[in-house]
Amino acid sequence: MEQIRKQYKKILSDYIGNQNESDLYIGQNFIKRMIQKNVTPEEVISIHKQALEEVYDDLPDSVLHGYDFLIEVMVHFGLKVQEHQSLLAKQEELRIEMEIATKIQNLLLENEIPKPRSVDIGMISVPLRKMNGDYVHFMHDDERFLSVAVTDVVGKGVPAALCMSMVKYGLDTLEYANSNPSYVLEVLNRTIEKSIDDSMFVSLCYVRYDLSTNVLTWSSAGHEPSLYYDGESESFYDLESKGLLLGILPEAKYTQQDLDLKNGDFVILMTDGVTDFRNKEEFDSREIIKELALANRHLTAQEMCEVIYSELQKLHDFKLEDDFTVVIIKK
Amino acid sequence: MEQIRKQYKKILSDYIGNQNESDLYIGQNFIKRMIQKNVTPEEVISIHKQALEEVYDDLPDSVLHGYDFLIEVMVHFGLKVQEHQSLLAKQEELRIEMEIATKIQNLLLENEIPKPRSVDIGMISVPLRKMNGDYVHFMHDDERFLSVAVTDVVGKGVPAALCMSMVKYGLDTLEYANSNPSYVLEVLNRTIEKSIDDSMFVSLCYVRYDLSTNVLTWSSAGHEPSLYYDGESESFYDLESKGLLLGILPEAKYTQQDLDLKNGDFVILMTDGVTDFRNKEEFDSREIIKELALANRHLTAQEMCEVIYSELQKLHDFKLEDDFTVVIIKK
Amino acid sequence: MREARVVEIVTELDIVTARKLGRDEAKEIGFNDVDQSRITTAIGELAKNILLYAHAGKIVIEEVEENGLKGIAISSIDKGQGMKDVHKVLEDDYSSTSAGAGLPAVKRLVDLIEIESRVGQGTTIKVVKWLVRV
Amino acid sequence: MREARVVEIVTELDIVTARKLGRDEAKEIGFNDVDQSRITTAIGELAKNILLYAHAGKIVIEEVEENGLKGIAISSIDKGQGMKDVHKVLEDDYSSTSAGAGLPAVKRLVDLIEIESRVGQGTTIKVVKWLVRV
């Protein structure tokens, strides 16, 4: 403290002597270091008062009493600053806790991309923050059917993560990859509507592929429309669906549709993070994705996913604003 | 601001005039209100300087330059105080998020107490904080077997909540209430060891009751020993087990033991929050629980749980230090 | 060592009296200007709490000495409602509606705080600040 | 309105020069003592950032007027590495290792902050403070 007083006195009397900008600059840097050492504002006033008294021995009483008053009122700013230190420590604890939670969540939702004989599957899912609010669920437990669910929770953070656990749990208990997509959505919708907060919704696109007939059956609940590329006509079709988001109406009904996947065809499933770029109205993201997919259709499904991600990232200056998920099923 | 300046000048000049304690008290109360209006410390110095200048027109230049210096250095305290306001807002957001997460978690882990014909089951589970790190899982899906798992996650907060989702998920996928307790523990152990953070462990006591033979089979993984009351000999026995906590060793083995539940017998399952009272070495909590259970064995299992909770709460001045869970199976 | 000084807290004026006594005592013991202000602020907060939650009570101020260390002890004693959870009142209330100060602030202003409270019987809070901070 | 004043930032002394120019300009425009200090602090932080992250650059200080409102605009221009994520640098770093101040502090000291940055090409930060706070 004695050292601090001496240094402060030096800087202060230099400044009073010549009012140089450099002494104010030095003074501010000095105070920044003091703040890091938990010196409080009332202590600074006290140091200031003492320094002035030592330099000028004829200070009026009114001025000195004024400093006493200042010390008294500054105590409450000092308390605020200390409260901030405590809150910072608490915040740090929370940060560490969230890191562990993220790790667990990622393990909980981990899912291997299936490698069936007759189709090629690729996936990329990049979270915006630490926890991913998108989730891809694969099922391929018998030889005939393979199912993929691409989901996006409306909402962020821990509630979204817990909600996602619930979706995974629901999908797992449905057990069979051969369930009808519309049936899967109806069951999931009831579970979510019943048990999750009113402000929490899930969009989901469910696709079941029959490896023996090459029929792809799909259904969607308020999800970004998938893209179907027909190799024969060399054109894209939106797989649109009017299904409500999961979790809104308990008795919502979902329809499903079939399509024949021929050699050279592929389907792109994605979340809205791939197409939503609020600040870039000039881009038509879906068109860009079509162009990218078309230009790279000779690559594997996985490589196509990665090209789409890296190109869109570049186009948007690496400022993605949502979780980003693309799944490609390629015949 | 003009109003503030006038009030401050009044309080300050009153104080300088007579150095009364009451003016310091009024000054502090005034500043507290100013802080709530986001007035910063450098603003207070500026107000102070101006007030002094208005009251005393012969202030030495050195004093005035000194105030300029103080304003300059106080800017950094002002920034800290503003940073605190932002952090408080962020904290508030997080608080709301955690409330939603808690709601979801509670729904996710909800589990009805089964009501079979031949035994009476009671349960109480009170979280220390918002999220419960204890979890009770009941299974009674066929007519013969009824199973109960009482679990405690080592760790708190969101990671523990996610870990618990995983335990529930694991128990649910085991599907059948008739699985052998030792087998259930071995399967769960492998899942948890594989997928959860190294610092996260789960203690679990698993009990399967055969309603047709009244045989209760139990196994435990590092869990608080259950208490068995033998009505015939009117004495308690600890159901001890040397099983490791889940999540430590991938190949850990667990043993199981049987006991015949006769009329007048009961078993008390609990978590360590019921018996651990770090600050109260003088209490032998397990003895107290035995006394409470004995004295209240004429009540229903549910009532017994509630009496044990309220009595222990009282004994410990309502300062429980861990999640508190008791399950009673009463023949 | 001088004997303990007691101030009955019944009106806001008594808060000022307690503060004044505490400030004089702190000065006498040898606390510097900043610590005098902090001790006085703590006394003010304790006394205000008495008025707010127990309507009446008293503040006891005394010099203490332990292991050759001098300090000031302030006790706040009331026969009010008492508190169910003493841990909670010491935790910062970070919610946006917080009035600030209160016991978390008192805790920061002193070196030691002890609370004894029984529901329906009242609360005793004792704080100590050492002349050389421990 | 006077023309813009430019300070090349190459050494720490230039930080002081930029601060001084900024303070004089702020005073001239009519900012009070507290705002003069805040504006000067903001300039200092911007200039320090140039030295830290781009090694050299310049600070441009000018009076601005919009819809009859007078203000001061400060631009920090460098040809350094640029930043990948400009959003992040404006967020408070609440970690315990934070050095404090920096751009989140600058943001609090002024009314408006705009950042343009290209990786590998440099960064331009423009801040404005209005005489009557908007």
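Per-chain residue numbering starts at 1, and chain names A, B, C and D are given in the order in which the chains are listed.
Assume a contact is a pair of C-beta atoms (placed from the backbone, for glycine too) under 8 Å apart; a residue touches a chain by one contact, two chains touch by 3 or more.
Source: prediction; values computed, not measured.
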Labels of chains that are neighbours to chain B and to chain C: A
Separation of chain A from chain C, taking each centre as the mean of its C-alpha atoms, in whole Å: 46
Whole-Å separation of chain centres (CA-atom averages), chain B against chain D: 46
Between chain A and chain B, centroid-to-centroid distance (C-alpha), Å: 27
Where chain C touches two or more other chains at once, by residue number: 40-41, 94, 100-101
Shared interface positions of chain A, touching two or more other chains: 24, 28, 32, 35, 68, 72, 75-76, 80, 83, 87-88, 90-91
Contact graph of the chains (line, ring, star, complete, other): other
Each pair of chains that touches, named by its two labels: A-B, A-C, A-D, B-C, B-D
Contact set on chain B toward chain D in their complex: 40, 42-43, 46, 49, 68, 71-72, 75-76, 79-80, 82-83, 86-87, 90
Chain A-facing residues of chain D, complex: 15-17, 19-20, 23, 40-41, 44, 84-85, 87, 94-96, 100-101
Interfacial residue positions of chain A with respect to chain D in the complex: 21-22, 24-25, 28, 32, 35-36, 88-89, 91-92, 95, 318-319
Sites on chain B touched by chain A in the complex: 11-12, 15-16, 19, 23-24, 27-28, 30-32, 35, 41, 44-45, 48, 52, 55-56, 58-63, 65-66, 68-70, 72-77, 80-81, 83-84, 87-88, 90-91, 94, 97-98, 100-101, 103-105, 107-108, 110, 155-159, 161-163, 165-166, 169, 172-173, 195-197, 199-200
Of chain D, residues touching chain B in the complex: 32-34, 37-38, 40-41, 92, 94, 100-101, 104-105, 108-109
